[in-house]
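In the two complexes that follow, subunit A is the common piece, with subunit B as its partner first and subunit C second.
Our next item is the complex of A and B:
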């Protein structure tokens, strides 16, 4: 995968993590009341959220990701958990339909999945793309929402519950991929309820957040990507020696 | 030490293929009628279905996994497949028929590695289509296997049926007396009166890679 595609992939990944940016929004709905969508009002709203979001050191939440692909009728559902420990540790665990984990820190991105059963580590040193990603993540987790307005135009769609729609600006890197991102906060205004991504292709993804807890103690094992196994849980495997015959590389086949 | 070094050397050259599925339990083919085997299998497999699965691509010692969603229509020969990483980021989306293929989306890094779309379409056809030999195929019984051989595209396509239910367990394609590719089907399961393999492995010996498919959900 080249740098451009990695960048695209991780920009999308970042967009999926963005909904974790949250704060206590009591009063913010009121701030958006009335017209509330003038640039100054939106900036004020973002600033208000920004000022309130930095009061957690850890976060844990379950999520359900519903993906609707334009060419299929059925919905793909992914379930998992997300753990955040400030200043710079994020663990994203997918439990269904496949077990997968990724850990993002200020130094490395480490991932594992049950099919390959391998831990892959990507160093951030000397990798400006990932470094940028982490810097942005850090900024978001620190609650610097106002900077989102550089890349997105935001509009308050609904006041109760508060729903904000972000549309990429013409200058945005994701303009050709993302049509809009709608962020809905819970009725109590304290946390996010869901995030809806609409893509230019017609696909859409909804992430629903459940059982979100701020400032809960997080066990160190939650930040391990490869689950520990007890003796006897290792999947038996056999080795096949029916490998390729060298001469086949010289021909084109059916 | 020499033996150990030799074994390691063989492993390095041939590559290790992990088979995460149960082996088929073979039964003697003695009194089994091959035509009946084909008819039962034809009736058992679904014609049109959608499924969610995982795909592991292995090239040498490199392994990459993805989630996949596929719609297969054996009747019309059409298909649509999408792959995404476990976080839900789409990697590719293609559809096609017996001949052509349409690229709806392929992540830039993938499209740069040869003709990804055509290669993917070819693998899908090998795995999910032409699951039964032609009527005139040559029939052979070998112990606990029933083989059907037929000429195909300048080579020979061999279907192997085996196991208690006498289901398709392997499709192999030979050309110039060389095995070019093999699809192995494992652990048949039943749902709503139809059968499907829960695990599939495609070995593309010509290009030196394998695909391991695990079905997670299926709808007929």
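Our next item is the complex of A and C:
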């Protein structure tokens, strides 16, 4: 066997073992190892993901939401920002197509919309359905995945980027609403890249996270649902940077 | 989760009022507003998983149901959520564990063991978790601790006071015997009582110094009389009668407590009577043996014979002032109120109350309402009766605060009626109208009216209903409202615990068999009425007993009336002072007031009796020392931290002081007025 043939053999061998090496070198080797979907493997995987994803005290991210709902005649694209301050504060600001803000805490949700310009507060303790919805979202966005295994069966769909599908168990309270939830993580595994919610009713919602910054200081103003009017009075336009291409959007101050 | 959707329940529980509210929603303006709201909400996080909630309820009928749930939850007076089988506070930072125990709250030893075991468990908690115990057993232990400390303190002060008084006044070592008689009697009595009725409660034991202060009188009378005459055997014959009478009247007063149903009163009566008779026995038998031996350093001779000297005018002035004082006291006495709240006599330490305060701050329940209980032989029978009462109460102008299970889950009969009404409402053209309005409004917002198919698909409910228990959600509510005791079902309703409300509700509930009211205020009122009735009975028995015995002993109406002067003065001055300082009557000071009556009659009898047997000055001295010893015994209770002991001490001090002053000042003055003609001075 000459040198060329030997090199070819080495190359073929390397190509053969490449998937194994990738699995070993990857942080989520179990997921790639064929039968990585056994309950104990999934729990171990979730624990690792949770440790990585939930390792933040504050988070700011932009999002694009695509909604295919039975009630809408067309697909709706929603753009906005999410601010999370652990343990129990999520501010959800919708910038398009209408201005709408929600602050979610462990006990109440406070919401405002530009149309009515009124702040409405709803106690979660008196509204069990709403509360369940909010608890679910909080769990997904805050990275508490291990506790979700009590309600969902998880399957690894893809490993690069890591995508896991969660299907409600028969015993789960949400089985009448949720069909499945697919979560795709960023390459570095530190936060979500995409979440796809499929509902029993046929509705689906996809959320894409962009410009996510972990542990950045968050101004208290970001958790106010009603924006200050002063800025709008001074400036005819509000300028913000969003999107991976740093495209500049200009909005009317009103 | 799906169970919470109104369509599962609401058609069955919707009243005519609810149908009217829904009817008001079916307008172009309301439906349009509602579509706009739904559109906005769907853009927010609620729209991710909550869209189906809107499809099933385009009008927001769920809110009617939620409002009802909210008021039901508030009616219990507690802010508690049940999460994963745990009681969780509204702030989400506290959890509560309710423990059942077979240890009665009155069992002191058991309470000690129980609380000790709980504290041992709590000590194992990590430092960042704090825990409070809230239990009646803690009150038992804490009261016991406070009273024990009070007993140690008061015994010490009283013993020092008695010894000092005897040694200073009598200047004779034999005076120590006078002190030892009640001390020995009280100790013996405690042991005898323990043998007879088990163990004495601590508050009864806490009155030991008072009983000693009372029973020391017999020894004092014997001692003073013997010292003044120098002849023990001769004097005993004279003083034995009034001393025995005094003991019998005082014991008789305590005996009146046997008529009560309260065990604590029985203990007090037994302990006191044994102490009194033991003291009497020792004073009349053992004490003279010691007094007849040895020499008296000095024997006091009576200063004069006959009536007390002094101008008649002074007697008239004294009597007038006394009469005016009593009239003023009598006027004020009508304002004194009876406070039945036994909680105010709870002397538990601050930590115990603080733990309860913390509990109420977190969980509410401080103003927990009253409960109306409706009973029935079967579940449906109880529910039907509950429905009738609910409808009856709701028709009243005052019925707003009444929270009934009937609002959430009425009987099958009522639910059938509701379901039929619901179906008729929608079949009467409202379904078509709503469909049209939704169609018109959705067009404006780029929405599809077909999305609300789940609502229209489940709009009608099949009648007649087949029964059923209402599923998981109603079952959870049922745990709060329905209790089963063998073959008996009890349905609970909640209402504001106010006197006026209770009276009105009693009127409604009274016409339904098997219903009753459980109310803290009503219970307190019932206790108050029972106690007040008992106290009236005691006071009456004590008064009759005192008057009859005094009359029997003195065999003279005028002398009997004179002897009663300290008793009347004691009662009226006590009530007058209480009125002046806004002090209410309570169980503790009522007991003390009745006991003070028994002591004051002794002073009256002695002062009236004194002329018959050459005991004038010795009687005054004996009465004075008796009063002072009682004042010491009762006065030390003013140092007690326990409110019941303090209250008893205060009442006895005021009552005995008033009785004593009237016996040594007013009785001689009245005697002078009655015995000498006007202008004889």
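For this structure, a couple of remarks:
The rule we apply is simple: the second predicted complex is superposed on the first by the 166 of 254 C-alpha atoms of A that agree within 3 Å, B and C clash if a C-alpha of one lies under 4 Å from a C-alpha of the other, contacts with A are read in each partner's own complex, and residues count from 1 in each chain.
Convention: a residue touches a chain if its C-beta (ideal position, glycine included) is under 8 Å from a C-beta of that chain, and two chains touch if they have at least 3 such contacts.
Fair warning: this is a prediction, and the values are worked out from it, not measured in the lab.
When the shared chain is aligned, subunit B comes close enough to touch A:118, but subunit C does not.
When both complexes are overlaid on chain A, the residue A:94 reaches subunit B and subunit C alike. Of the two partner chains placed by the overlay, only subunit C lies in contact with A:174; subunit B stays clear of it. Using the contact criterion defined above for the overlaid structures, shared-chain residue A:201 touches subunit B and also reaches subunit C.
In the superposed pair of complexes, A:107 makes contact with subunit C only, with no contact to subunit B. In the superposition on chain A, A:69 contacts both subunit B and subunit C.
Contacts of subunit A with subunit B, set against its contacts with subunit C after fitting on chain A, overlap at residues 67, 69, 71-74, 76, 78, 92, 94, 97-98, 100, 102, 113, 115, 201, 203, 205.
Only residues 1-2, 4-6, 8-9, 12-13, 16, 65, 67, 69, 71-74, 76, 78, 92, 94, 97-98, 100, 102, 113, 115-116, 118, 201, 203, 205, 235, 237-245, 247-249, 251-254 of subunit A touch subunit B when the two sit together in their complex.
Contacts from subunit B toward subunit A in the complex involve residues 10-11, 13-20, 23, 50, 52, 54, 56, 63-65, 67, 69, 71, 80, 82, 84-90, 93, 95, 104-105, 107-110, 112, 152-155, 173, 175-176, 178-182, 203, 205-206, 208, 212, 214, 216-217, 219. Contact residues of subunit C toward subunit A in the complex are 1-2, 4-5, 36, 38, 40, 42-55, 62, 66, 69-70, 73, 81, 90-92, 442, 446-448, 450-451, 454. Against subunit C, the residues of subunit A that register as touching in their complex are 67, 69-74, 76, 78, 90, 92, 94, 97-98, 100, 102, 104, 106-107, 111, 113, 115, 125-130, 132-134, 136-137, 173-174, 176-178, 197, 199-201, 203, 205, 207.
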